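Before anything else, here is the set of structures, which you'll find just below.
Both complexes below contain chain A, partnered by chain B and then by chain C.
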Partner chain A sequence: MKDWLSRYGPSLLVFVVLLAAWEFATTNGYLKPYRFPAPSKIAMGFVEIASEGFPEDLTIWVHTRTTVGRILQGYIAAVGLAIPLGFLIGAFSTLEKLTAPLIIFGRSIATLSLLPLVIVWFGTGELTKVVLIGYGCFWTMISNVIAGVKYVDPVLIRAARTFGVSGPALFWRVILPAALPRIFAGARMALGVGFMVIVGAEMIGTVEGLGALIMEARNFYRSEITIIGMLVIGIIGFLIASGLLHLEKMLIPWDTGLDEVRR
Partner chain B sequence: MSNRISAKDVLLGGIGTLAVLVPWEIAARSGIVDPSIFPSPILAISSAAEKLSATEVLDHMGWSLFRVFSGFLLGALAGITIGIVAGWYRTAGYLLRPMIELLRPIPPLAWIPLAIIWFGLGEPSKFFLIFLGAFFPVVTATYQGVTNVDPILIRAAQTFGLKGIDLLVRIVIPGAAPDLATGIRIGWGLSFGVLVAAELIAADKGLGYMIMHARLLGYVDVIVVGIVLIGILNLLTDGMIAWLIKKGIGRWHEV
Partner chain C sequence: MSTDAGFIELNDINMRFGLPAEALPVVLQGIDLSIAQNEFVSIVGRSGCGKTTLLNIVAGLVEATTGTVTIAGNQVRGPGQGQGVVFQQHALFPWLTAMGNVEFGCRKADISKSEKREVCRQLLDLVGLSHAADKYPRELSGGMQQRVAIARALALDPEILLMDEPFGALDELTRIELQQELLRVWDARKKTVIFVTHSITEALILSDRVILLSPHPGRVFKDYQITLPRPRIRTDPAFNAMYQEIWEGLSA
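Let's look at the complex of A and B:
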């Protein structure tokens, strides 16, 4: 308890002071209430959107479920496709060289710049959003899987060969474990990309989802609801990312962090 | 890490690219796929050239580049400054860190409505969004770099009598440089993504606007050319920044 207090106490204090100052400044007219809605107003807005919903019956839970559902659909499809493809490409250096320019270019395309094209192809419905998320996640994921497989320490492979390990055993017992930390890092990065893309994709052609909520709230001059939506997006992104990190630590205890690789 | 590219690699890469482009071109020309929805690469460029003049495209491109460079520059500078201050001075860290940690998980695009509320629909709101795209990755990477500098280096420097600003400038910042470089590259990527999105949603010039407007007119070829152009710009500018970083900190670290 004491440790906890000395660690988080100052931050918490700063936070409380800041909120109080903000509340004071808006209620006394130093800040415009529409531009900087007071914390109390945000809290009231949250009660409203959690019970009655905004716009019309769409509570914050519905928006959240919709957004998370869209992200997961695109994300899982992208990861499911990128892992086997990435292993294949990473394992054969000729294949890697054949595909290198395509992968570099595919990754450089700004995902949201595809929005108009994807709308022409699939309309403004659900598929468009899922495809965009899938596209963004796919390239992040596949480049990391390829790098993970390609940069497995050759000493490890040679050592395993010396001990007579080859074929599928070499893959399962040496290459896969060595590549996993990088693959997990890719999975986390891809999720970040998914969150980024969904917010943009939801701003057009829908009223459901957190991205739509924050945009719609602005149209109705409900800035406090915009802020609530932003915070919820941030909290969910944070929770899922730290969930993945814990999973990673549990599943691959030999992962000592990827600082070296990232540099 | 040796990254030499041999002639054979280029050849293989070329073959791989053609293996995608040629069937696409054939499919679009022979009508297997509808060329008005899925235009062939060559036809898309020539027909887009009829609809848009080069000066128009250059004008859009100029605006996009101006926005992204200026927003990124300010965002990265602010991120470096605040990251160093928060990482080096304990009190400042207590004040700044909770705010940064709270706001960091919010994707920059989620700031679009608030940016419009604060700054209106004009240039400043786009500027602010691009600023945010660069700021958060740079500030966290800088903070991390500064707090993770090898304590032995710092103690050694103190033994030699360095302290205060000198210690910060001559030991800590060079020590944090690799982290900083990572943050800058991530920040550039994010700024670029944010630029496109901001131009799609609210702008009257820029490449993002160009392709969104082309959709309203039904010009799929212009959209395709625009997407490719944005991709190429992203690739070139990222390469340029990577090169600058390598030149800039190469004397301290192997990158």
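Let's look at the complex of A and C:
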């Protein structure tokens, strides 16, 4: 408990002081309440949205469940597609040369700029949102899988060759495990992209989901609800990323080299 | 083939990187060497004289532009013909434990898993690391990592051990310790060793024979038989005289 306090105490104090200053500034008219709703207002908004819901009957829990569901569907589809494709492209340099421009091109298109087209293709239903999220995650993921496979330390490959290991065995026993840390880093970055895309993806044809909640709150000048939506997205993102990090530490206990990418 | 041919034969090895038309400098020129079974040969030379390239050619990792290498009469066409290699950096697989790395080297298909484990345990024991079997490479010191690398190369049960400046990155004390360790292993397992090094002292401590390569292009410049009795003492006058002779050869 004492350890915990000395470790997190100071940063917690800064946080509390900032909140107090914010509250003081809004209630005393230094900040406009509709621009910067006071922390107390946000807290009351949270109670409202957790019990009655906003809009009517759609509580924060429903919004959260819907959003997490959409992100996971798009994310898992993207990762599931990017891993085998990335292995294939990374393993064959000809394939890598052929697809490199396409991948840079695809990665460069801002996901949300596809929104009008995706609506034309898939309508305004669930699929559109999942496709947009999946699109965003896919390019980040596949770039990292390819790089992971491609940039394996050549010394390790040479060492394996001295034991007569080559071909598919070289891939499974050396290249794949050597690429794992990078693949995991990619999986975490891709998840981040999923969370960035969600607000835009939920702009169209729905009032359900945290992104939709943020847009809907804007229409009703409820900036405190917008802030709640932002906070909840941040918290879920943080929780899922920590979960992935734990999984990673369990699955690749040997790795220490990618600590800075991990954050 | 004649009976007095060496166990390892290098015949007129020439090496240049890139296409001949590019007129790139020749790395190795006309290397002829004959190495006897169980001989410990060191290759010494300045940086850029092609020592590592020569070792990689014997390992079958790099193909010479022209010329052949034979091991016990068989031409080398790739790795896995009885050459165990220890690299400059330890080159251990970071995702495998010390034991796992040694097991990776043990490619015998005809023995059971438990027998394999026993063989590898003995090898770790041989390099004094049976207590660190379950540690990952990053948890080991530089000297320990190189010991594992030696055990892993031995797991292949190679007739030849090719070592590319394996102790170059270690501190002086660890280095001396590992040199003694290597001599012990060499004595216990009877291997033919080709050892690349920058250090004349290291070559003299270890070898039956020291081969001096001259740079640009890499050629065999001198071939010294080291007849000093073992164990070699660094402060022995005969040792120092030999050191001086090689140093003069190197500076010529």
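What we mean here is this: the second predicted complex is superposed on the first by the 253 of 263 C-alpha atoms of A that agree within 3 Å, B and C clash if a C-alpha of one lies under 4 Å from a C-alpha of the other, contacts with A are read in each partner's own complex, and residues count from 1 in each chain.
Just so we're on the same page, contacts are C-beta pairs under 8 Å (C-beta built on N, C-alpha and C of every residue); 3 or more make two chains touch, one makes a residue touch a chain.
Treat the numbers as computed from the prediction; the structure is a model and nothing was measured.
Undergrad: Does the superposition put A:W254 against chain B (first), chain C (second), both, or neither?
TA: The second partner, chain C, only.
Undergrad: So in the superposed three-chain picture, is A:V62 touching just chain B, just chain C, both, or none of them (first/second/both/neither)?
TA: neither
Undergrad: Examine A:L72 and indicate which partner it touches, taking first as chain B and second as chain C; both and neither are also allowed.
TA: Neither: A:L72 stays clear of chain B and chain C.
Undergrad: A:I214 in the overlay: touching chain B, chain C, both, or neither? Say first, second, both or neither.
TA: A:I214 sits against chain B, while chain C stays out of touch.
Undergrad: If we overlay the two complexes on their shared chain A, which of chain B and chain C does A:A25 touch? Say first, second, both or neither.
TA: neither
Undergrad: Name the contact category of A:T162: first (chain B only), second (chain C only), both, or neither.
TA: Touch status of A:T162: second partner only.
Undergrad: Which partner chains sit in contact with A:T226 here, chain B, chain C, both or neither? Use first/second/both/neither.
TA: first
Undergrad: Please determine whether it is chain B or chain C that touches the greater number of chain A residues.
TA: Of the two chains, more chain A residues are contacted by B.
Undergrad: Across the two complexes, what residues of chain A are contacted by chain B and by chain C?
TA: In chain A, nothing is touched by chain B and also by chain C.
Undergrad: Please give the residue numbers of chain B that touch chain A in the complex, ascending.
TA: Result: residues 8-9, 12-17, 19-20, 37-38, 94-95, 97-99, 102-114, 116-118, 178-179, 181-182, 190, 192-193, 196-197, 200-201, 207-208, 211-212, 214-215, 220, 223-224, 226-228, 230-232, 234-235, 238, 255 of chain B touch chain A.
Undergrad: Going by the contact rule set out above, which residues of chain A touch chain B in the complex?
TA: Within the complex, chain A touches chain B at residues 10-12, 14-15, 18, 34-35, 94, 97-102, 104-105, 108-117, 119-121, 192, 195-196, 199-200, 203-204, 210-211, 214-215, 217-218, 223, 226-227, 229-231, 233-235, 237-238, 241, 262-263.
Undergrad: Quick check on the complex: what are the chain C residues that touch chain A?
TA: Touch residues, chain C against chain A: 59, 61, 79-80, 83-85, 87, 89, 91-96, 104-105, 107, 136-138, 153, 156.
Undergrad: Using the touch definition from the top, list the residues of chain A that touch chain C in their complex.
TA: By the definition above, chain A touches chain C via 155-156, 158-164, 173-174, 177-178, 180, 252-256.
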